[in-house]
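I have a structure I would like to understand better, so I am pasting it below and will then ask my questions one at a time.
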Amino acid sequence: MDALDFFPEAASTQATSTDFILFVLIGFTGIVVLSVLSLLVIFSIRFRRHSAVRRDDPPEWMKRDLEIGWSSAGLFLALFLAWWTSATELSALIAPKNALEIHVVAKQWMWKVQHQNGAREINVLHVPVDEPVRLIMTSQDVIHSFFVPEFRMKQDVLPGRDTRTWFQATKTGTFHLFCTQLCGTEHARMTGEVVVMSGPDFAHWLTSQPVSDDLTREGEALFRSLGCSGCHDAASRVQAPALAGFFGSEVRLANGTSVTGSDELLRDIVLHPREHSVAGYPSVMPSYAGIVGDEELLRISRYIHSLSPSPEGKQP
Amino acid sequence: MTGLEATATTSARGDRFRSIWRRNLVVWLALDLLVFATLGLAYLPLGYFNIAIALTIAGVKIVLVAIWFMELRLAKPFTQLASTIGFVWLLVMFSLTFSDFMTR
Amino acid sequence: MSGATILVRPLTPVPESGNYLTAGRTIWSWLTSTDHKRIAILYAISITVFFFIGAAAIAVIRFELLTPTGQYISDDTYNKLFTLHGVVMVWFFLIPSIPNTFGNFLLPLMIGAPDVAFPRLNLFSWYLNIAGGLFTLYAVIAGGVDTGWTFYTPFSTMFSNSHVLAAAAGVFVAGFSSIATGVNFIATIHMLRTEGMSWMRLPLFVWSLYATSLVLILATPVLAVTLLLIVAERWLGLPIFDPAHGGDPLLFQHLFWFYSHPAVYIMILPAMGVVTEVITCFARRRVFGYDFMVYALVAIAGIGFFVWGHHMFVSGQSPYASLVFSFLSFVVAVPSAIKVFNWTATLYRGSISFEAPMLYALGFIGLFTIGGSTGLFLASIPVDIQVHDTYFVIAHFHYIMVGGSVSAFFAALHYWWPKITGKLYDEAWARFAAILMFFGFNFTFFPQFVLGYLGNPRRYHVYPPQFQVFHVMSSTGASVLAAAYLLPPIYLIWSMRWGRAAGDNPWGATGLEWRTSSPPPLHNFLNPPKVEQQPYAYHPEGRGPVPGSRTPYRTQDQPS
Amino acid sequence: MSEAAGALREPWHSLSRQREAAAFGIWLFLASELLFFGGMLLCYAVCRYSHPQGFLEAARQTNIVFGTVNTLTLLTSSFCMAIASEAGKSGLRRLAIGGLAGTLMLGFVFLVIKGLEYRDDISQHLVPGAHFALPQLGAQLFFSLYWMMTGVHALHLTVGMIIIARLVLVGIRRELPLTSPEIQVTALYWHLVDIIWIILYPLLYLGGRA
């Protein structure tokens, strides 16, 4: 048996800042709780039924001042805490641009992980230390939740939608991965581990994986086999939007709205092209709902990313 | 507050009879008019204004029904308050839920 | 129990025709009674049955959790057991617990009314509650439900193979029982206050029932319709939340928590009312800051509707919406804090005695303060991300619902038992049970705070071995708690037969309910009482209580 | 006055107080009912916000003739109900019973038309599922909500009709004192059912017509 743990290891940048907030909250609430509890005890003893103490009324103004005093003190404390924790949260909202992107697909009851070079793992996630990692997650069935306590990180994983989160591990080692959203029979067994390795170790591990195919290349193959290339290829004569630079660009839709190119939009277009037909083009694209699954979409997305004129981010 | 119930003479009954008919008939005609108005306006291509107009007219109809048919104008103040609280809470539900959907 | 003399005579000497208990002795006379006091007893019986059903489920769960390997029961059985525990405890014990038993019994008595505004509706609401309970029990007997009490889609509508429909139908029906009760209480408080009982003379328990009823009628229908939509999607195949058809599971969560967060206030507001009554009585002092206590109750009920999104910080909800909800969740803590401070201040310069109800009430303040403060951790987004859906949350809401509501339920049970039955229970046993319950509770749930921050997810019966020690502590505490819960039924039932007669006002309290006989006659008061006083006139204004005295300065119907 | 005594119930001492309480109670219940429908309205709003095209496309498929006629029918029934309620309070027995009977009949007409409309909808494959007629994303959501909202509304209407039928029956037999608050309470409920339909009409029938 290990020594008794009363506090989880802090193994990410987020963990440190969350713990700090926790300690501040414990400090503030501890003062309040302890003073209430000690006053309860002190009053109970001092003003017990047969004790000989003063019992006349405190003056009315004192009652009023006290009441207003602790009401406003409570309010200001609440407002301060709300502002401060929210500010901390806001500053950590956006993942750094250079974050390593890893795709996670959850299903009853396992975690499937795919790295950018195509390396796959199940119920294990290998990541390098001291490097921001962005997770792009989706579920094939019910809602799951990706939770690594040592990173103070948790994000629900939804069907039909991508959710994302990010972390930067600060310690090497093996950490717990839990599903925290009730997802059926083996919910409690939908666990795994996150292995944090040093940068060189991770690079070595990654290259030594039996890589079936590069995600981008797989995506390109799908792009052709599904027939997307027939219209959307740069060389095609059919009038269809070119996809280079799709991500991050403004896309004007036929219904008058304007949206930003993203994985969500790509999914919407592929599965429900009629509702998302692009302004200025005939609405002729067939729906791929039921044909293209989440994992295929990921690959196509990577391929379209690779068409971008100035490939940014980490491309292995 | 008194439990007195009106015992009316025949002519007074006739007056009551007529006033009940007259008052409610006017409200009913106004409501019908609003139905035809909203129906007609729905066929004009006004974009987002279509739904806005339709819901505004619906709101007017609701107010008419509540004040005249449901006799809110005669109700006690706390009954009038009770009649609005459902709408206020609906507003809370809508605005806070949309604070999520509109900022995703 | 000191046999203090009651100087004031009850308004209504017990008529020879007897009291509400003896007004009819057949079971049929109980099942068809529209007397609010009898309906309260019906509720008391049914919620006690449900309480022990829910408790049996958790007993198996705590036993299973002694080992980390999940060896005693199957995965499915475990999921069904905690669902059973949640559904039964939330909807068939906690929600109706204080309002429908003590609220029903005392509300008309406290405002000097002969009954509630709609007595037949009151009885009907009990039958609805029972019908809902039977549906739910059917779901259990037929094989159970494994969705958790939260019924999250798409699991509940498309993937679960258990009896979701029956359980949802049960909760749906019980919901209308809640609405009927809420309507009844609000109408009663508005329309049936006796002469002189102005709004600012209402006992705070009545105010708490008013606030609770507001939440009941405004939140419960949303739960009902949400469950109806679940049934539509699962049974009729009408897609509403299904992402494959463009629906959004988060929409379900918004609707669900629009009810289920305020539902927490349905459970805790009446508890606050009870504790106020008890504290002021046994401290022999007027409630500190009566008007602030009223505003705080109403504020909690109101603001409680604006904070539901804090259940959804990691759900994929927009981060900006999360910020709004986080802010509002911090704000709702303020009125609760005001209440805690006022209870504490009520003790100041009191003349405090420690009968069983007071022990429960003091325990309530302590546990509620801890539970409430840990709510701030859940309102803060970064910390919530860590502890969401872990044992921290379990510990937090049990501190509120069990440490808070159930403690207050027992406080109420002991405080008003003499009024309800006319008998006194054994004080020594009652004090022992109260103390045992307090310690058992803390042993059970305090370790779970640590367990939660360490990262043990809830709804896990298989867990990493390093968490075992906390689970063993918790299970040990739970057995102490179970023993404490088994004591009151024994000595209370014993008292019904062998207990001493209580007299009309054994605690020397000021409320109108103590001004009629114990147990009260069929229509509560032979003559409607006239209210002349603020509630809680335990001592003259300016001068404090007389040390050692059990006699109130003025009851509510005595002129100054 | 003997009639008033017949209408008085426990725990009330005066009929006007009882009437006030009944009206107040039913208004509270109506607030509750509004939130009940509000849950579905919220679903409608959110889904329409996410799929504006699909919703307009789907709304175009509902039967506007049936919808409009039903709106007028229900408004007229409310008119009859308002007359019945006021007449009851004024002691105009025949007018009160006539109003109630008119309401009942128009409620029945509403249900018949609704039934015809449902039959049309079914034959046009507007029931969500494998054979659903419209390909647009969101159209199935619209029709799920269409069936649920109109279905629950029709259920409320039916409950109202049962209560009214009872009032007519005991009214004709002179078992019900005209002064009984029951008539006003039923009227308020019936008007709420009407108000719900006033909200549903533009949402379900008027979209996508332009």
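For clarity, chains are labelled A, B, C and D in written order, and residue numbers in each chain start from 1.
To be clear about the criterion, a residue touches a chain if its C-beta (ideal position, glycine included) is under 8 Å from a C-beta of that chain, and two chains touch if they have at least 3 such contacts.
Predicted model only: the values in this text are computed from it and were never measured.
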Point to revise | Chain closest to the middle, measuring from C-alpha centroids that were averaged per chain | key: C
Revision key, fill the gap. If you tally C-beta contacts across B-D and across A-C, the winner is A-C
Practice item. List the centre-to-centre spacing of chain B and chain D in whole Å, with centres computed as mean CA coordinates. Key: 14
Review point. For chain B and chain C, what's the span in angstrom between their mean Cα positions?
Key: 38
Point to revise | Centre distance in Å when chain A and chain B are each reduced to the mean of their C-alpha atoms | key: 46
Practice item. Give the residues of chain A that touch two or more other chains, as numbers and ranges in rising order. Key: 272
Exercise for review: At least two other chains touched by the same residue of chain B: list those residues.
Suggested key: 78, 85-86, 89, 93, 97, 101-102
Check your understanding: What are the residues of chain C that contact at least two other chains?
Key -> 190, 218, 222, 246, 250-251, 254, 319
Exercise for review: Answer with line, ring, star, complete or other to describe the graph linking chains that touch.
Suggested key: other
Check your understanding: So in the complex, which bits of chain B are touching chain D?
Key -> 1-8, 13, 16-17, 20-21, 24-25, 27-28, 31-32, 35, 38-39, 42-46, 50-51, 54-55, 57-58, 61-62, 65-66, 68-71, 75-76, 78-79, 82-83, 85-87, 89-90, 93-94, 97-98, 101-102
Check your understanding: Where on chain B is chain C touching in the complex?
Key -> 78, 85-86, 89, 92-93, 96-97, 99-104
Revision key, fill the gap. The chain A residues in contact with chain C across the complex are 2, 4-8, 14, 17-18, 21-22, 25, 28-29, 32-33, 36-37, 39-40, 43-44, 47-58, 63, 66-67, 70-71, 74-75, 78-79, 81-83, 85-86, 88-90, 92-93, 108, 141-143, 145, 147, 149-150, 152-156, 158-161, 163, 176, 178-189, 272, 289
Review point. For chain D, which residues are in contact with chain A within the complex?
Key: 51-54, 135-138
Review point. Inside the complex, what are the residues of chain D that reach chain B?
Key: 1, 3-4, 14-17, 20, 23-24, 27-28, 30-35, 38, 41-42, 45-46, 49-50, 64, 68, 71-72, 75-76, 78-79, 81-83, 85-87, 90-92, 95, 179, 187-188, 191, 194-195, 198-199, 201-202, 206-207, 209-210
